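I've put the structures underneath this note.
Below, subunit A partners subunit B and then partners subunit C, in two separate complexes.
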Partner chain A sequence: MSAYATIAFDAAKCDGCGKCMSACSIQKVGADDTARSRIQIGGSADAGFELALCRQCGDPRCVAVCPAGALSKDGASGVIGWDATKCVDCLLCTVGCAYAGIALDAEAGHVAKCDMCAGAPACVPACPTGALRHVTTARIYNEVGHWEDLFAPGLAGCQGCNTELLMRHTLRRAGPDTVLATPPGCVPGMGSVGFNGTTGTKVPVFHPLLTNTAAMLAGIKRQYERKGREVLAMAIAGDGGASDVGFQSLSGAAERNERIFFMVVDNEGYMNTGMQRSSCTPYGAWTSTTPVGVGKGPAGMPSQGKTQDAKNLPLIMVNHRCEYVATASTAYMEDLYDKLDKAIAASKRGFAYLHVYSPCTTGWRFPTDQNMEVARKAVETNFVTLWEYTPQEGLSFTRRIDQPLPVTEYLKAMGRFRHLSNDQISHIQSKVVENLAFVKQLAQVAKV
Partner chain B sequence: MSTATLEKPAAAKPKVILAEGNEAAALGVALARPDMVAVYPITPQSSLVEHVAKLIADGKMDADIVDAEGEHSVLSVLQGAALAGGRTYTATCGPGLAFMFEPYFRTSGMRLPMVMTIVTRDGITPQSVWGGHQDAMTVREVGWIQIYCESVQEVLDTTIMAFKIAEHHDVMLPVNVCLDGNYLSYGASRVELPPQAEVDAFMGDKDVNWHVALDPSRPMAVDPLTGGSGGKGPSTFVRYRKGQCKGMQNALAVIEEVHEEWAQRFGRRFAPLVEEYRLDDADYAIMTLGSMSGAAKDAVDAARDAGRKVGLIKLKTFSPFPVVALQKALAKVKALGVVDRSVGFRWNCGPMYQETMGALYRLGRFIPSMSFIGGLAGADITEAHFQRVIAETEALLTNPAPTEPVWLNEKD
Partner chain C sequence: MPNTKYLVVGSSHAALEAVQAIRMHDSEGSLTLLTRDSHLPYSPTVLPYVVSGRSAPNAVALRDDAYFTQHKVDFVRGKAVKSLHADRNAVELDDGSEIAYERLLLATGASPAIPPIEGIGSVSYHVLRTLDDATKLNAAMKQAKQAVVMGAGLVGMHAAENLVKAGVPVTIVEMAKQLTDGYFDATAAGLIEKAFTDNGAKILTGSRVVKLAPSSLGATLTLDSGATLEADLLLVATGVRANIGFLNGSGALVAHDRGILVDETMQTSAANVWAAGDVAQAKGFFSEDKVMNAILPDAAEQGRIAGQAMVGDPGLRRYPGGIPLNTYHFFGRHAISVGSSKVPEGGEVFTRFDEASGRYLKAIFLDGRLRGIYGVNEFFDGGVMCQLILRGTDLTPVKERFLAEPMKVGRELMSKLWR
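For the complex of A and B:
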C-alpha cells in the first residue's frame, strides 16, 4: 500500500487562530466562512486543539462505504476525489470516516472534503505558527518502492536496527552497477557479504579490511575507468573503522580525490564487537570500554562513561575539500535521498562522503520501536546537525532547527546516558552550542 | 658473477644498457605491461618506484599509478584493481613490508596474482636502512611465492617471469621478487633488454580475475565469513587453505616451465629452484641465497683451484621451499654450511639453515651442518668471509659440528 503527500498537524504549535479555515473557505467557496472550510480546528487552548481533516487514507473507509461510486482514490496523487454527478447524498461516507474528514456542507447541499488544492493546499501557508505542514516525504517511498531491494531478505540485524533500513535504502538508490565494500562491523555482521558460501547482497560485495576500505575501492574504480566502464565504487562503513584505524586510507583516498562514494554509518561505537568506544562515541556515553563504575577512569577522572568529546569526522572530511560531504539522518529520509543523489553524482567527479547518524537500539539502550524518535530528537536538539558541503558552494544547513529542544530531551531517550551527572549534562549542552556555532560559522563563511 | 649462459640468440637483437638493479626491475615491470602500479617510497626501494613513475610520465609505460599514503594502502589499491581485472605491481621493503602485513597476508588468501619486489632490507631495531633478508624472511610463511635474484640481469628477467608464474591458472598466487638492498638495488651492470614484442608473445593474454572478481556483470560476494565450528564451516575453510598449499606446490613445476620457456625465447637460462655449482664431485657444500652467491662462487673456484672438493648450492626459489630439488643436491655431499643474510631468533640460526634442516630430515640422511649468519644491515660478505665458510664447513667432515651459528661480520 503506497503512502502519499498529506497535511501534518502539530497540536502543540496550534493556537486556534482559525486562519487555516478562512484560507480554505476563501479558496473553495469564495468567502471567508469558516463553517464551510474543509479543514476544521476544534478544541480549546486549555484542552488542546484538534484537527478534523481528510487524511487521504491509503485504505479509505469513505470510499468503501459509498454505494454510488462517487468517491475514489487517485492513484497518482493519492487524493480522494468526490464526483458530484454520481453522489446520491446518502452521507454514509461521513459515518465511515473516523477523522471527520468528509462532512455535509449544508449551504451547498452535499458533502465536501479536502482535495489538497491540486498539490498546494491553501491552509498551510496561512498557518502563522507552523502547526500545519504539507508533508511530501511520502513521495520518496512511492518512488523507491519500485526499485529493487539489492539486499536479500532476512539479514541478521538486531531487532529495530536502523542501519539495516539505511543500507537497504542506500543500495536501492545506488543500483546494480555498484561494487559494495562493507568493512568489518554491523553491516557485514548481519550477513551482507555472507557466511560460508552464502551471501546477503545482490551486487558484487566484499569485506575489505577494517583499515583499507577506501584504498581498495580506489583500485577497483580506477581499473574500471581504465577499461572505460562506469561502476559505482561504494562503501557502507562503520564509524570506528572510518574514524580510527581506517582513517589513514580514508584520508589518503580523499586527498587523492579518488572517485568513490564513502558512506559512514555512525552508531557511535564498535557495536558489532560488543559496543566498545570509538572516537565517534560522544562524551559521557556508556560503552563496554567506557563503563560506569565507582573507580577512576582516564586521567583520574571518575569512571562515568567516555571522558572525551567525539571526533567530528564529517568536518574533517570537509577539510579534505572533497567533491561532496554531507551529514544525514534516517529520521529525514527526503533529505537523505537528496544527499544520496548528490553524493553518487559527485563520486563521478571525485571523493564523495556521506555521514549518516544511525541510532543503535542495542548499544545505546533504547526500546526497539524508538529508533526514528531517537534519530529525530538528535536533530531537534542540535546534537546532530544536518548540512552539506561542496567546494563550490561551501557548507550550508539542509535542516535548520530554529527552536532546538534542550539536549536532555535526546539524552533521556536512551540508557547509555542514564548515569550522567548535572555537570556532565551541562558539558554536553555546552558542546552542542559550541559545535553548532562552529558549523554556523562555516556556513556563514560560505556565504561571504 | 651472473649464472646466465647464452643458449641461443633471441629473434630480435636485444638492446644493451647499463642499469642498477632498481632500474632493471622497473624496466622489467614496464615490459610486463601492468595496468596499475601503486607506490610509496622507502630506502632502498625508492629509486625503483621513481623509475616506474618516470617511465609512465614519459609515456614509455601505459599504466595507472597511485601514489598512496602508505604501503598498507599501496597493497590495498592493488587488491581492488586485481579484483577488477587488472595486472598489478608494487615494490617495498623492511618497515614498509611490516606496515602492509595486514593486506599482505590477505593477498595470497584471495589468490591475487600480484607481483611485488622486495628490495630486501634488514629489520629494525636497531635503526637501519641497509640491506639484509630479514624483511622477506619474516613473512616467508604467508603464502607468497618468494624468488631471490643473484644478478641485475636476473632481476629484470625474473620480474617479467614473475607475472607469468603468478597468473598461471595452476598457481594464482602473488610473487615476491627479492633483490638485495644496496648490493643489487644500487649495483650497476650490463643488462640486456628483451624486445617488447618478444615479451608480449611470452606473456600471452592477461586473465587475472577469472576465479574471483568484483564485477557488476558477474556479481559475487568476495570473502564471506568462512570457518567456525558449525555446518560446512570447517570443511569450507580447509578447502581454501588446502587450495593455497596446492597452488604453492604447483608453482614448483610452473617456475621451472616458465624459466625453461624464458631460456628458449631469450637465450638466458637461470636455475629456477636450486642451482648446483661444482657440486657433482664435491665432498661438501656451502649454501647461499641472493647476491652473495657471486662472491661465494669466486671463493669456491679459488678453493677448487687449491684442490679442495667444495661445491655450492644456491636457492633461487625460497617459497615454496624446493624440498625435492634441494634434497637432490644435498644427497651429493657429506657436510653442509648454510649462509643466511638474516636471523632466525627462535632456533638461534639462519632461517634458510632451519628450513634446510627440515628438507634434510625428510631425506632420512644425516650430514653434519652448520649455520653462518652474515651481511646483516648492509654489511658485505666478501670472498674472504666465504673462504672461512668453506674452511669451517670442511672441518665438519672430521670435527663435531658447533651448535652456535657463526656470525661472519662479528669482528669486521
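For the complex of A and C:
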C-alpha cells in the first residue's frame, strides 16, 4: 500500500477565473478550450464555486463498471489511468462515477479524466489564488510508514491532540538509537515515561525535572560519547518547561553548544496541569491563571486574559547562534520533516533546536476535529512564522505568507480569544506585524 | 472433497466485485472463483465490440492470472455448477465432482432467452452472451449477405449497427411498437431509428416472427403479417433469462422467482448462500417489489455488497434498490438514461427537443425530486443523476436551471452535497 499525492481545492479561495481549466485543456488537448478541461469549476461568486475533478478513488466505481478493462488504478501513483486502445466509448464509467470525475469530451468522442499530469498537475501552478494545491505529503507516509513506531500503542492524549502524531513521527525519524528526555508536561502525561513501571517508548527514556532537562541530557550525551557510542540525545519538552523554569539549563546547554536535539512542543501554556499561563502564552489569551471577567485588571477593568505579550523563544535561541534553530507546524508536515532531518544532522555537530507550534484542543477550546485547521490558520495569518536558522546561512523563511489572512481568522477559530475587545485585537494584529518585521529584519541580516 | 471458505460462481462483474470486496477484508481465507467459461474473466457488455473487430478477443480480459496469484484466488475455469446442495454446503460440478464451501456466491448471470417459435430448432442462429458467441458472430458477419436481428433491445441494436457497418443488409424485427423499449421513450427511440434507417437498416417494429424454416440461403422467417424474410445470418436477441438451472436440488431451500430472490445484503433464503447480478432478483429502488435489473452497474454494486456481507465487512451498506441505468452509443451519437421511465401518479414530465441538432432531454420529477432523466446527444453525468435520485434531493429551487443545463447544475449540486 502506498499513499498518494492529490489535488486539493479550497472553494473559499477560488474566484472562478478559470485559469486552471485553460491550463488543463492546453496541456491535454493543445488548445485553450475550457469545455475540454478535465478539471471543471462551476458555480458562481454568489453561490460559491464548485469543483468537478477525478478523485482518484481508492476503490473506484468507474473501474468496476468498465466492461473493457480500459480503466485501472496504478498501485504506485494512485492515478486511475485510461487506456485509449481498450476503451469502447460505452460511457458506463460516467454512470459509475458519482463525482463527475470522468466525462465525455464531445470533441474527441471519448471520455477524458484527470491523470495528474504524471505528477506535476498543470492546473495547480496556473491557479493565482492558491485555491488549488498539489498535496504531496503522502511521500512521508510512503517513506517512513514501514519504519518501526517507537512509541507504545495507545498513548493517553486528549481527543484531537496533535502531539501524539508529532511524537510518533519524530521518533520514527529519529530512529531506535535515541535516548529521550521528556520533562513534566503533556508528553509524559500522555505516556512517554509510561505507567505502572513500563515505559511508553521503545527507546531509553527518562523524566528529568522541569529545570534540568537540557543539563541532564547533555550529561548523558557526553557519557555516551565517552563510552564511544553514537546516540541521538533528544528532548521533547513543553513550552512552559523550556521558556520558564527550564530556561537557564536550556540556555546554558545551547551556549556550550552541547550535541543534543531539543524539541519544544509549544501549546502556549501549562496545559497538562490545568492550563496555566506560560511565558509563551500570547497576549489576550484566556488561561486558568489569566482569567476573564473576574478580579481586577489594569485601570480597574475586569481582567481580560493575559496582559503581556508572548516571549519569542525560538528567536532567543537564534541569539545563542545554535547549530540549527527552526520553527515548524504539524499543519505542514513536509516542512516539519525537512527540519527534523536537518536538526538531527546538526545535533551531531552541536545544539539543535526545533520549536513546533502545537494547538491545544482542550486548553485553547476548539472542536476536536480542528487541530490542523487551527495550526494552519496560525501560519496563514502570520501569527506564527515558519523559518530556519543556521550560523552559516542565517535565517530564512521556509514558508512565506505574502497575503496573510487577518489575524481575526485565527483568533475566532478558538474559545480562548472569544472575549477579546477590538482594542485587544488591534494590539494582537499590530504585534503580528511587528513580529514579522522583526523576523524579516533578521532574514535581511543573514544575507549580508 | 475440496473445501473452500468462499466459493464464488461466475467470473463476470458481480463475481469479480465480490472477490475484490472479500479480499479487502480477508486477505487469506481460501477463495475459489469458478466459472463455466473457458476464458479469463471478461464482460458480456464488451462483446459487441469484439463482434465489430474493435476489441481483440485476447485484449478484453478484466483480470489476469497475476491478479489471481497476488490475491490468492484459486481461479477454476471451464467447469460449471450442475447442482447446488445448500442443505450440506456443497456444489456439484458437471464433471461429477463436488466442492464444499463455507459461504457461497451465485453470480451466474443470465443467458439469452430463446423464444418458443415454431421451427426455431430447425435453423441455425446466433446469440450474443459469451466470448465464443462473439468470435463466431464476427466470423459469420464477414460472410453474410442478408442478416436479420430479432429483438431491438440494446444487444440487438449493437449487433445490427455492426452488421450495417460491415456492409451487410440487415432487418431488425421487434415485437414492441418502438425500438429500445423499456430503455428510451418514443422520441428517443425515433432518433435512434432514424440513425439506423439513414444508414440503411430496415426496421420492422410491432412485428412478430411466428415461424422459422430452413431455406437455401439459411432461414426463412414468417412474420405475423404473413410477410417473409430471408436470412443467412440470424441473431436472436429477444432478452435474457437468469442462469438458475442448478437450483434443482436445492429448489425448495433457495427461494426464486424469475431470478434468485435476495434481501438487502444479497443473501438468499438459504443459509450461507448469496446471489448477485443478473441472476439475482432484488428490490427495486422505486418499489419494494423484487425486480430483475439486469445491467452491469447493478451487477457490480450487488456483487460488492454480497462480498462484503460474506466476509462480514462492517462497512457494508444495505442495497438501496436497483435503479435502471443505461448508456448507448450509436453511429457516433449517444443516449443516456438514468432512473425510471414510468411517470408516477402526480409526477411531472419535462421534455426539450432541438430537431436541428437532434438533442433531446426528458426528465421526470415527483414532488420536485428527480425520478428519471434521459438524454440523446445531451451529455450529463449519469453517476451524479443517479445520486440525486438515490438521495431524493429536492430540486425545486433549481429546476429551471437544471433542465436548461443538467450537466452543469448536476455538478454544482454534487459539489455542494457530497463532494
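The criterion applied here is as follows: the second predicted complex is superposed on the first by the 428 of 448 C-alpha atoms of A that agree within 3 Å, B and C clash if a C-alpha of one lies under 4 Å from a C-alpha of the other, contacts with A are read in each partner's own complex, and residues count from 1 in each chain.
We adopt the following convention: contacts are C-beta pairs under 8 Å (C-beta built on N, C-alpha and C of every residue); 3 or more make two chains touch, one makes a residue touch a chain.
Since the structure is predicted, the reported quantities are computational estimates derived from the model, not experimental observations.
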Clash or fit: how do subunit B and subunit C relate after the overlay on subunit A? fit
After superposition on the shared chain, which partner residues are touched by A:81: those of subunit B (first), subunit C (second), both, or neither? neither
Between subunit B and subunit C, whom does A:91 touch in the aligned arrangement: first, second, both, or neither? second
Quick check on the superposed pair: does A:391 touch subunit B, subunit C, both, or neither? Answer first, second, both or neither. neither
Name the contact category of A:128: first (subunit B only), second (subunit C only), both, or neither. neither
Quick check on the superposed pair: does A:415 touch subunit B, subunit C, both, or neither? Answer first, second, both or neither. neither
Looking only at subunit A, is it subunit B or subunit C that touches more of its residues? B
Using only CA atoms and the superposition described at the top, report the least gap between subunit B and subunit C in Å. 34
State the interface residues of subunit A toward subunit B in the complex, per the touch definition above. 176-179, 188, 193-199, 201-209, 211-212, 214-224, 226-227, 231, 233, 248-249, 251-253, 255-256
Can you tell me which positions in subunit B touch subunit A when the two form their complex? 35-36, 38, 64, 66-70, 72-86, 88, 102-103, 106, 213-216, 218-228, 231-233, 236
Residues of subunit C that touch subunit A when the two form their complex: 13, 17, 20, 24, 43-46, 48-49, 54-55, 59-62, 296-297, 300, 304, 325, 327, 329, 332, 334, 336, 338, 379, 381-384, 386-387, 407-408, 410-412, 414-416, 418-419
Going by the contact rule set out above, which residues of subunit A touch subunit C in the complex? 11, 40, 42-43, 47-48, 50-52, 59, 61, 64-65, 67-69, 85-86, 88-92, 94-100, 103-104, 106, 109
